[in-house]
Structures are given as C-alpha cells and as structure tokens.
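What follows is one structure encoded as structure tokens, with my remarks underneath.
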Amino acid sequence: MSHRPFHWYRYASPQAFYPLAGRMIPWFWALAAIFGVAGLSVGFLIAPGDAQQGEGYRIIFLHVPASWMSMFLYLVMAFWAGLGLAFRFRLSSMMASALAPTGAMFAFLSLWTGALWGKPMWGAWWVWDARLTSELILLFLYLGFIALQAAIDDPRRADQAGAILALVGVVNIPIIYFSVKWWNTLHQGSSLNLARSSMATTMLYGMLLCALACWMYAIAISLMRARRIMLEREKDTLWVRKELGF
Amino acid sequence: MILAVIARDLRLALRRRADLAAVLFFFVIVVSLFPLGVGPEPERLREIAPGVLWVAALLATLLSLPRLFADDFRDGTLEQLALAPLPLGLTVFAKVLAHWLVCGVPLAVLSPLLGLQFGLSGEALVVLSGALFIGTPALSGIGAIGAALTLGVRGGGVLVSLLILPLYTPVLIFGAGAVDAAVNGIGVEAHLSLLAALTLAGVFFAPWPAAAALRIALE
Amino acid sequence: MIVDFVRITDSAVYHDVHRLYDPQGDSLFSKARMLRSSIMLAVSALECHRGGRRLFAGVGFCLGAGELLYLHGPNGAGKTSLLRMLCGLLPPAAGEICWHGRPIARLGEEYRRELCFLGHHDAIKEELTPFENLSLSARLAGMRLDEARVLEALSRLGLAGREDLPCRALSRGQKRRAALSRLAIDRRPLWLLDEPFTALDAAAVNEVAALIGAHLEDGGLAVLTTHQPVEITAGAIQRLALGDEAESCRR
Amino acid sequence: MYWNNLSDFLAMGSHGPYVWGCFVVMAAAMILEPALLRRSRKRLLERLRRQYRAEALDGKAARESSGECP
C-alpha cells in the first residue's frame, strides 16, 4: 500500500489523484482475485494436513494474513497521517482516514478466526494469550481513531487530531505488545518465524499468497474509499463538478 | 514559570473541592461495589483486589481528565496559556503534574484503606499504595493527550475513554501485577521498575503530542 | 542596573535592553524603545479559509512603531480569524506574517514574549479574584509585579473596591474591566485587541482608549477591531476593511 | 490434490464448522465492505448531483472567479 506515485508533486493534489486512482483500482481488484484463488487453492486443496492439529490448522491461511494486515495497515495509516500532519498534505490525511475502516475490519477478522482456531486447539473460544489480546487492543485503537474522526466536524481538525492519535498509537503498540506478552506467554510463539519455519514450504507459500491477496484487496478498497472521501470533501470545487458532468 | 502554572491549577482545584471529592468518592464506591457483586469470601477477594483497585483508579482518573483543559478552553484562559512565552509542552507538563497532585496522590493515599476491605496484608497494602503512587502520573500524562484531542468535541467525555483506555493497558498490567506479586509474596521490583519506566515515558513524552493537540483545538 | 553598552543590531537591541532592565524602570525603559524606530509587523498576501469558503485573500499591511490598525467589517468577515493569525494561534492558509523581518512561525516563544492578545473571551477565572487573575497573567507574561502596581492597575480600571471578590460575583462589564486591567501593566510592544470596548460603559471606554493612546505614544503597536467609533488620540492610524466593504476577491 | 472426495473436504477432519466458519465470515466481510462502499458512493453522487442541479437552476453556477478553492 505504500506505493509512491512517481511524479510525487503532480499527483499530490486530490484533483490529479482521483482519476489515477480510478484507473488503478480495477487492476488491484484483479490482482487480489488472482492471489486469493491461488492462495486458497494452495492452502485448502494442495497443502497436506498437519500432524497434531489435523485439518483445523488451515485456519492460519486466513488468521495470519488478517493479523498481518491489521498490524501493517495501522503502520501505513500512521505513516500517511504523520505525513498529512507534518506537511499538511490533505491527500495523505484522506488516505489515512480511508485505511482505518479496512484495518479495523482485518483486526476483527483476525480475532474471529483466532477464536475459531482456538476452540478446537485449546478448547475455549477466547484465550487471554498475548497475541490475541494485543490484537483486541489494536482493534480498540482503530475504533478510537474512527470515532475521533467521526466526532470532529471540521475535516482539517479531524485529520490532524486523528494523526496525533495514530502516531501516539504506533508508539504504544510495541509497549502494549510486550507488556501483554510479559503478562501471559500462553501463545505458541509466532507461527511464522522465517528462521525456523516449523511448516512445510507449501503452507508457507499458501500463507504468503493469501497475505498478498489481502494486501491487494486493502489497496483497492482504501483507494475506493479515498476517492469517496475526496468527492465528499471537495464537493464545492469545480473539478468535482466537472467530474460529475456539470 | 512552570511553578506559576502548577500553583494556579492547585489553587483552582482547591477552590472547587467538590470536583476533587467527587473523583475520590467515585473511587471508593466502585471499589466497595465489587465485594457485593463477587461475594464476601476473603480468599477470592484477596485474589481480585489488585485488579479491582487498579481498574477503579484508572476509571477515577479518566473521570477527572476532561476537567484538565475544558474549563480553561471555555473561558479563554487556555489561549493565554498557549500565548505565554513558555513552550506549550511545558505548560501541559505543569498541568499534568497539578492534575496528578490533585487526583493521583489522593488515590494512592486512600487505596490502603480500601485494600483492607479486600483483606490485603500490610505488606501488600504498602506495595499497592507505592504502585499507585508511581503509576498515576503516567495515567495523568497519557490521559492529557486524550483530553486535549477531545477538547470541544461533542461527546468528548465518552470518547476520551475509548481513546485512552487502550493506552492505559501497560500501566494497568504492571501496576496490578506489582500488587499481585506482593499478595503472592514474590518479588515486586521488576513490576515497579517497569511501571516507573512507563511513568517517566508518560510524564515526559506525553505532553508534546498533547500540546500539538491543544494547538489544533485552539485553531 | 545601568546598561554599559547597547548593541544596535536590527532585532537584538530591543531584547538586550528589555532583559537587562527591570520592567519597573519605566522611564528609561520607554526611552530605549524610542531608539528602535523600525519595530515592524509586516503581513503579506494573507489568506483564510473557514468551512471550505475563502473568507479573505491577499490581505497585507505594515505596522511601524506607534501605529494603530483599525480592522472593521461586517460580522463573519474574518476579523477575529485575522487577529488569531497575527498572534500565531491560527496558521494562515497562505501568506506570511513577519515580526522584525522574521516569520512568526519560526520565532515561537520569542514572538509570544512580544505580543498581548485579548480575544472575545475575558480569559479570567471565575473562582479567582481580579487581583489573583491580574497577578497571574502578569507572571505568565514574565513580569515580577509587586502588590501596589497590581492594585493601582485595578483601581485605574474602576475595580477599586472589588479586588478580593471572586469574579463570579462581578457583572459582565466588571469582568471585562478585570480582563482589560491587563493592559494597564502590560509592557509588550504588540497589542492585538478583539473588540475591547464591548460591554463597557463610557468611563471605561475612555480609560481603555487612554491606555491604548499611551501605549502608542510609548512606541508600541496595536491592532484593534471594534464596532463603536472611538477616538484614540495618539499614533498614526491605518484602516483595513474586510468582508463586503473590502474589494478583496470573493471566491 | 490432497483430498480424494468432496465429503472429506467439507468435513475437514471434524474441524469443518470451524474452518468454514472462518472462511464464510472472511469472505462475507470482503464482499460486504466493497458493496457497502459502492452503495454509499452512489448515494453521495446522487446527493451531489442534486445539489449541483439546484445550484445550476438558480444561477449560482455563474461564478465570477475561475480559481477553484485549493
């Protein structure tokens, strides 16, 4: 998602970025579909069963990409928000606001799939282990960002306030993660530690393909939402009127 | 100059003792409700005491946060503070310190009394009060960011809790962990030192984003 | 404290004299400021947006020592926004504000040490007494004042008997006087006053006008927005119209 | 192809409901979100068109200044 338009300044204005994003979105949808089908087929059809966890482990093909995306999108959101705060680029603040709902959705999906994975493995829907708990807190951070931006009417102030919250949140994520981990180390360690991958390579490819699919999906959906925000905020300008044929 | 701001806030707080008392009564009431809900068995109460006392302290601080900037914002004195020849971050630092003296310290002083309700041993009570004493500045510092962000926003009071409680979790974990360790008789130094680290970070780093948020609110 | 030498560089001399001198030493203090004829507030091509609309654009003016700028225009023309831009609270959408030739965005506290802003709000605490409010705002402005000067400033604004009443008990006009009493002790060169004469009776209006006149004579600058026609005796007066009266391009 | 028949595939070795529970919810989310977004975008476009049409009708469209608000 951190693609940087090549002519940075030419596309920094919403007016120039709107049509460009419009052209790119179908491509990202196509990529998301291709990676999705590939990842799922590897994960669900080709990959062998796991020794102890049987077939239930296949949930990681959904759980891990979702967790990755929820974490990654928060970092990207904080990046765009910080840029918007520092340089007053309205476009990057809009991008941050566009990313937040998708990030929140991935955080919720990560919790949902984590719970459904935990039930057969550990016998309980919700287990207070370090990663699930910090995922829950990450969801709260997302909801806080969205609620703050919704509560402030003036778009510029909403952007800047949201940016500060996102930056403070980013600084706190490692602290929260390690304090939760310190508090409870029930979780079986990170399931994808590239150094000693305890999984067959096919599983690894399956997961990476699913992650790419989620990433393409996130780019496409946030570009669409960014375009919607642009229309909403720039509705008094002439280029929006021309865009709508007036 | 910082002392002037602290003295100002303390004098204002003393003039409005009712707000002060309300926060402390809230803390007492919330803590006393738990035994009614959970049941009188001393063993179980002793087990949940650290968590209950710390969560109640958290909520009490949260309750008094909007007061940090809202009154000054409404009557225009916040503008004058922003225009004082003092970095806004230091002004916020002074206000956080004043808020801690007014709200955090009474909580720490009062907590051993309430610990008795939960049958905590003498040593645990000392650790409880000490942990609260160390932890509450971080609550005030991080809370200042939430108060500044939601200044003049409708529904700000509720919003502060949504923004700030996730950021409070490390302080809660180490604070309650310290008291829990004391109850079980194991070493508390690790917990308290981490808590102190959080407090230092909270008190010295939090005022700067809070100042930035104030500047935005004053626009 | 006697000044042994005075470094005449453009922006520095004013600060050296200010720091070396105890603000009480009025007479010598103001003579030093007359030395600085080129105190300048330069504003160029200022632009302000509110709620997506452009309030004003291309606003510019220069203010030398002893000059007063009248800002007038209908309600909602952006007078208050312009004042808030001048004191650095509101960043302008475009254009620049320079003090001593240096943009205020980079000056920060240095600039804030030079200006006194009085907005619509009275900026006084209801629980505190006028005496406490005034001594507090003096300390915040960096001045060490003894009790006599504070009482004298309050009595000058007609609050003689009410120094120790909590401001809650004062009337709207008296609160405004308590807020304006700040001007009686203020030594900062740039005054930004947003409708200082509202809710004041005739006597208080004259008193405040006299204070502003003295400030201008003293070599200070002032930017004033007001709806009542008020005669300020001293200083060169500039006028700046905003909103419909002005010809600034409306979007 | 790891599975030899469809019923095993669906059963997922006694973990079927959990695996498919995750799959269905995730798929639903990734279909619902764009649908909701497209719908709200359509509604926004209608609202804006109505607003512009109203402005065009009562002559406000003849704005004298060409500069668009940056």
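List of remarks:
For clarity, chains are labelled A, B, C and D in written order, and residue numbers in each chain start from 1.
One rule holds for everything that comes next: contacts are C-beta pairs under 8 Å (C-beta built on N, C-alpha and C of every residue); 3 or more make two chains touch, one makes a residue touch a chain.
Keep in mind that this is a model prediction, so the values were computed, not measured.
Distances between chain centres, each the mean of the C-alpha atoms, put C farthest from chain A. Chain pair with the most C-beta contact pairs: A-D.
Each chain gets one centre point, the mean of its Cα atoms, and the points for chain B and chain C are 38 Å apart. The geometric centre of chain A is 32 Å away from that of chain B, both derived from CA atoms.
Centre to centre, using the average C-alpha position, chain A and chain D are separated by 16 Å. Separation between the centroids of chain C and chain D, computed from CA atoms only, is 54 Å. Residue positions of chain D touching 2 or more other chains, listed in rising order: 69. The set of chain B residues touching two or more other chains comprises 219. Touching two or more other chains at once are residues 236 of chain A. Residues 13, 15, 44-49, 54-56, 58-59, 62-63, 66, 101-102, 105, 108-109, 112-113, 116-117, 119-120, 217, 220-221, 224-225, 227-228, 231-232, 235-241, 244, 246 of chain A are the ones that touch chain D when the two sit in their complex.
Taken together, the chain B residues at the contact with chain C in this complex read 1, 4-5, 8, 11-12, 15-16, 75-77, 79-87, 215, 218-219. Chain B meets chain A in the complex at residues 145, 149-150, 153-156, 159, 162-163, 165-167, 169-170, 173-174, 177, 194, 198, 209, 212-213, 216-217, 219. Residues of chain C touching chain B in their complex: 84, 87-91, 108-110, 112-113, 115, 117, 119-128, 132, 136-137, 139-142, 166. If you check the complex, the residues on chain A that touch chain B are 85, 137, 140-141, 143-144, 147-148, 151-152, 157, 160-161, 164-165, 167-169, 172, 175-176, 179-180, 182-183.
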